[in-house]
Amino acid sequence: ADTVKLGMVAELSGAGAPAGTNWRDGIKIAAEEINAEGGILGKKVQIDEYDTQTDPQVSRALVQKAIDGGAYVILGTIYSGSTMVNMLVAQQNSMPQFVGSESPAVVQKGNPFVFRTSSGAQKGVPALTAYFKDTLKAKTVGVAWVNNEFGKGGHTVFLKEMEKAGIKVIADVPSEQAQTDYAADVAKLKQAAPDAVFVYMNQEESARFLIEAKKQSLAMPLVGEVTLTEAKVIELAAGSAEGAIAHVGLTATATDVPGIAAFATKFEATFKRKPTHDAIKGYIGAWTTKYVTEMVGKFDGEAFSTRMHGLCLKVADHPKILMDTCWDDTGEMSRPSFMVQVKNGTPVVIGQVPAN
Amino acid sequence: MSKPVLSVRNIQKSFGGIKAVRGVSFEVQRGEILGLIGPNGSGKSTLFNCILGQLPADTGEVEVNGKPVSNIRPSDLNKLGVGRTFQQLSVFPKMTVLDNVILAGQEHRGTMLSRLFGPGDAGLTAEAEKMIEFFRLTPYRDTPAGSLSYGQQKLVDAAMAFMAGPDLVLLDEPAGGVNLTMLANLKDRLVAYNAEHGTTFVVIEHNMEFVMSLCTRIIVLAEGAVIAEGSPAEIRANQTVIDAYLGG
Amino acid sequence: MSQFLQVMLSGLATGSIYALVAIGFTLVWQAAQTVNFAQGEFVMLPAFFVLAAMKLLGMPFWSALLLGLAISLLVLGLLFKKLIVEPILPHGGITLIIATMALGILLKESVKEFYSAEAQPFPSLFPARHLDFHGAVLSLQDIFNLVLCLAIVVSLTLFLNRTRTGRCMQATAQNPAVAEILGVNVKRMILYTFLINAGLAAIASFLITPVYLAKFSNGESLGLIAFIAAIVGGFNQIRGALVGGLLIGVLDNLTATYVTAEYRAALPLVLLIAVILVRPQGLLGTKEGRAV
Amino acid sequence: MLELKNVHGGYGKVTILNGVSFTIPKASITTVIGPNGAGKSTVFKAIFGLLNIHSGQILLDGKDVTRQSPRQMIEQGVTYVPQGRNVVPQLSVYHNLELGGITASDQDRVRARIETVMDQFPMLREFRNRKAIELSGGQQKQLEVARALLLDPKLILIDEPSIGLSPNLVQEVFRTLIRLRDQGVTILMVEQNAKAALAMSDDGLVLELGQTRMHDKAETLLRDPRVGQLFLGGHIETAQSH
Amino acid sequence: MTKVNKGFIVAALLLAVAIVAPIGQGNYITYTLASWLVFSIAAMGLNLTLGYAGQISLAQASFMAIGAYITALLTLSGWHWMAAMPLGVIACFIVGLLLGYPALRLKGHFLAFVTLAFNTLVFLVLRNEEWLTGGSYGLTGMPRPGFGLFTTMKQFNFYYFTLAVTVLAALVMWGIVRSPWGRAFTALRENPIRAESLGVDTRRITLLAFAIGSAYGGLAGSLIAPLVQFIEPGSFGLAHSLRILLMVIVGGAGYFGGPFLGAAVVILLPEMLRFTQGYYLIIYSALVIVMLIFVPAGLMGMGQRLREKFWPGRQQRADMAEGARLK
């Protein structure tokens, strides 16, 4: 046929819907652009959507379905719990898979077909250590995290990092996914009074946490990884997000990176909302598929995966990769990242962190 | 005389402030048909419920065949040979009449385990059909019991009380809503059972014709206490009973 | 000490929100003897009506609120009663319960598809003033929620028990066949019930969304907690919902602060099971009377 | 006053009434008798708009009221006391009574009436604040009968009022019905306590298999040997003799 | 008797359909069919507890969890499935028995609450006790059982293995509901007080209703583990219990065939609607509501409705044939 199918398996409904729909929409933009440039190896790209309902078992079934349906690569999933299951199916079928998950475990299973679109928590969180230690000069920290597979990954790495850096974690506050009441969490942190707090939650949870923190006037710096300073969180938390700091891999606010600015504009024009980092991740996943396939020169999952390992794509040669990006032998990814702080209601880049 | 089939001593029961039963004692001998009458709200049904373990009594003891049964559960009491009917309609509405009647007998066949592996009807269909025939319900054999008329449901209820082959049956207003002709049949049945098997009956009823012609002895309850006791003739003549209950 | 005070007060404030939603459960029970498992979604939705009115029609916030209330009454009250409750109620409670579960999914997914999958901010009805009690912070909104909740419980209880209409509603719920032969306008009584319920849901929605944010999936956990609150308080008493809601709010916060955060969802449940086993009719519930 | 013309009807697919026709005059008491399951209660439901009527006509004072709703029937002065228990369980005795007059525009009159019926059934006054469900069987029946007397009906349909009532109260109810008849109210009653009921009635009606079999003066029915044999427990006397 | 025969023929036909269904289908369809069977088993159990015995339980998914985790942990440590499964089922039977105790005191929504709380507790334990259950990462890579030459590693084979287990489970269930126990369960649902006074040990029957229903949940769980080869606490949350409840009601509570139909609708209908993209859940839930409005007794009740619709003829009253006595 003259089309090539990309199996987009993501959380389009259920708890993960916000992430999943952004992922999908990022991919849609990429697909349009790719088709406008003549597709992949001359074949038009066709996106097949599969909704996992944020249910790992369904996601597994759907990866199977995408494969039965003749997909060439799998794009998704985002929730690590789902990815952990469905990547087995893709692996059995030698099918390359770009995932949005950031849990360390995803690339530790020796699966040669799985590739990240953003770096895992075990890379992102350590990037913060220096900030806590050198910039904030914290002796003690607190950590507020969401007790799901996403939060757990970050939490484990964070504790390890702090121990290495000799910073004491004096308040460890887990919370539930979709929790609405953060009074107890914030009260506990307030009581412990650490020098800084690491906040590791999904979007709305972050916003609700920030609102409560403001209400109880939690005074120490609140530092997060990616989510805490996202546009959505700032919008939701309104004034309460002021001053929040985060380490972000890719952010639509890093508008001094030209590719990102262009993408953000196009996304907003198409979907009438700002892209999240999930959207950028999906976008990059789709474009990488094109770039690497064309390097290989044929549609071959095995060859594709082999080529991916140890590959570095430079913006100079591959503009739609947005920033220089490398993958290692496990599928882990690295690229430069930023420190961002919310000032006057907008995230401002306050520093760059080199790729690690 | 032998041991009484049922012996009730000093049963008391209150609901909040209301003393429904205030220390009732009586004995029923094997083969008796005892009538229990009294004005509305005099505590008859409550007394039944206390005797049968459906409600916990505040004080008092109950013995069946000399065996204390005060804290026993209704199902165990039933297995000791005590059957009953309820004042309000009490069938299994979505089960067929046949299933209603079979159910009433099946728990007396075999053990819990044998009932799991035994035949679906516990071998009771023939017996149940005879019972249904007697109560003139044969056309309704496969009808859900809940869609029968009031009187018909009352009859199903009565049929169920007999299925276990009981020693002692307590009937709470068996005549209510039952056609007089059918009622005569029911009475014959009671009398026949009583004669053949020595089954003992305690009957609550407001239909005086029925009670007076059926019972060998009658106890009258008013405001939770026994106010008179005796043969039908004695009761009919008792002025206190006339004033409290029978009316002029 | 100030931590304890903070946790207690915050627990009460959150609890009053649970109570507000739980009242809906007890009301629908007392007036229709059924459980609306879409109650959480009923609270999620009105905020979106308001947002839509502001975004699509460009209405100012306060008039959008009024419009939101009106649409809620229409959709969650009238239409719900006409299209779902009325046809299904005669077939029994459990069928209606399942239907409301399906309705919950329908509402949730519709909001997601037709509005947005992402959380939305929602303007607050109150100035963001905070009051300080010995180191513990309480917002103006918290206090208002508590007071309002109390007022609603009192007035609804009075309405149901002291007015003829209220008693007709109860009669309709407890024995619709009898209500009908006595000439009670059964359909209208059911309509009243669901209109009141819709109104309550809308009010709850406007009060909590500024804090909880407007999101299609908000109803899930809220509905569940409110359901638990209603049961614990006693389903057949409106004031039971208040007690149940406050109790859960406080217990949840105390557990999370002092005992365990991982099991914060569990400990209150275990405590409440214990309560229920001792008092099977719920804390404030009354026994349903003789069974034999 | 009330006329049924060849009424057929039933529940779901099953036809229960196979042509019921009768006329009852104004200010009279008519007692319906028949075996269990004959369709007596079903006739009442048909009149009161609670049954699926397949064909036939029901006329009230010459006006066609076939398939009208219970509320419409009440508006036209018909009240109905069904068989079995029919109280609102969790409401108090007083509030149950009050519901009996819920359709009246003059509530003061209803309140006054409540006092009167409570005089007639003193138990109701004593227990006025208790939940209806807590009453004994007969007490609930008293409540129901009393409740039917609160409006000024022109036709009362009363299905076996005697079930569960003690003998003196049965007499009281019958006396009340007679008094109402004397005031011009029409009464249609089902009774299994048929001898007593027919004795106080003007007319009697025998129903069997969903059809009217006989319709005559009450005394005539009482004396009819076939009726006695089949529906009045004819051989109770013989049973008594041994 | 003829009624039983008709049921038998229908069952045989269905079985034939189930046998040929996956032939020529892709892995995905076969997988979906297998999960239909697994959920049918779970729904069958709930149908006993709820449909027959009238005891509301919102915890069926947590029994699937218990069955699945026990099977998973044991098979991962080298046990054969045939040895691990019974342990899971027995554990569920016992836990179900314990969960039944509150049911002796509580009715209706109070019981619903206790079972709901139980479901939440199981979820939290599975998530928090990471040392045993793998926490929120779950357990992966459970082996599928082999029987000599017949290995179930292939999707196709695993389907037939599941089918065999389902047929056995259905036969056992059929034996239970048509024995006097079945009548006692129904009596418990219809009128517990009267049942007790007729000698039905309602305590024991209540507990058994929970225990047997839960054991079926456990059996379904022990099949889910090797089917999905991944389990995590989130797959056994309250929402999944509600889904199983939906299967029972949609299929027709208290009908033997209900769970199979219900599971088919709940699992397969979304599959068929998937072409509608994001709207399928909306369409699906709307369909469920419409169905409940028009066929409240579930799909099993639909046959009857249709028969009445197309053969509307009136029926004589039952005693008409006896003739009148008063001529």
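General remarks:
Order of writing sets the chain letters: A, B, C, D and E. Residues in each chain are counted from 1.
One rule holds for everything that comes next: a residue touches a chain if its C-beta (ideal position, glycine included) is under 8 Å from a C-beta of that chain, and two chains touch if they have at least 3 such contacts.
Here the structure is a predicted model, which is why all the values come from computation and not from measurement.
Touching subunit D and subunit E at once are the following chains: B, C. Interface comparison, B-D versus C-D: the pair with the greater number of contacting C-beta pairs is B-D. Distance between chain centres (mean CA atoms), subunit C to subunit E: 31 Å. Computed from the mean C-alpha positions, the centre of subunit B lies at a distance of 47 Å from the centre of subunit C.
The geometric centre of subunit A is 74 Å away from that of subunit B, both derived from CA atoms.
Chain centres here are Cα averages; for subunit A and subunit C they lie 36 Å apart.
Counting partners per residue, subunit A has 13, 147 as the residues that reach two or more other chains.
Shared interface positions of subunit D, i.e. residues touching 2 or more other chains, are given as 35, 37, 134, 230-231. Shared contact sites, meaning residues of subunit C that touch two or more other chains, fall at 109, 112, 262, 265, 292. Chains touching one another form the pairs A-C, A-E, B-C, B-D, B-E, C-D, C-E, D-E. On subunit C, the positions that touch subunit A within their shared complex are 3, 6-7, 10-11, 13-14, 109, 112, 116-121, 130, 137, 139, 211-213, 215-218, 220-222, 249, 252-254, 256-257, 261-262, 264-265.
Residues 50, 56, 102, 105-106, 109-110, 112-114, 116-117, 120-121, 124, 127-128, 193, 238, 242, 245-246, 249-250, 253, 278-279, 281-282, 284-286, 288-289, 292-293, 296-297 of subunit E are the ones touching subunit C in the complex.
Interface of subunit B with subunit D (complex): residues 15, 38-41, 45-46, 87-89, 140, 147-152, 154-155, 173, 176-184, 187-188, 206-209, 213, 245-248.
The touching residues of subunit D, when paired with subunit E in their complex, are 10, 12-16, 18, 35, 37, 39, 54, 206, 208-211, 213-214, 226-227, 230-231. Residues 13-15, 17-18, 20-21, 147, 173-176, 178-181, 183-185, 187-188, 190-191, 203-204, 207-208, 211, 215-217, 232, 235-236, 238, 273 of subunit A are the ones that touch subunit C when the two sit in their complex.
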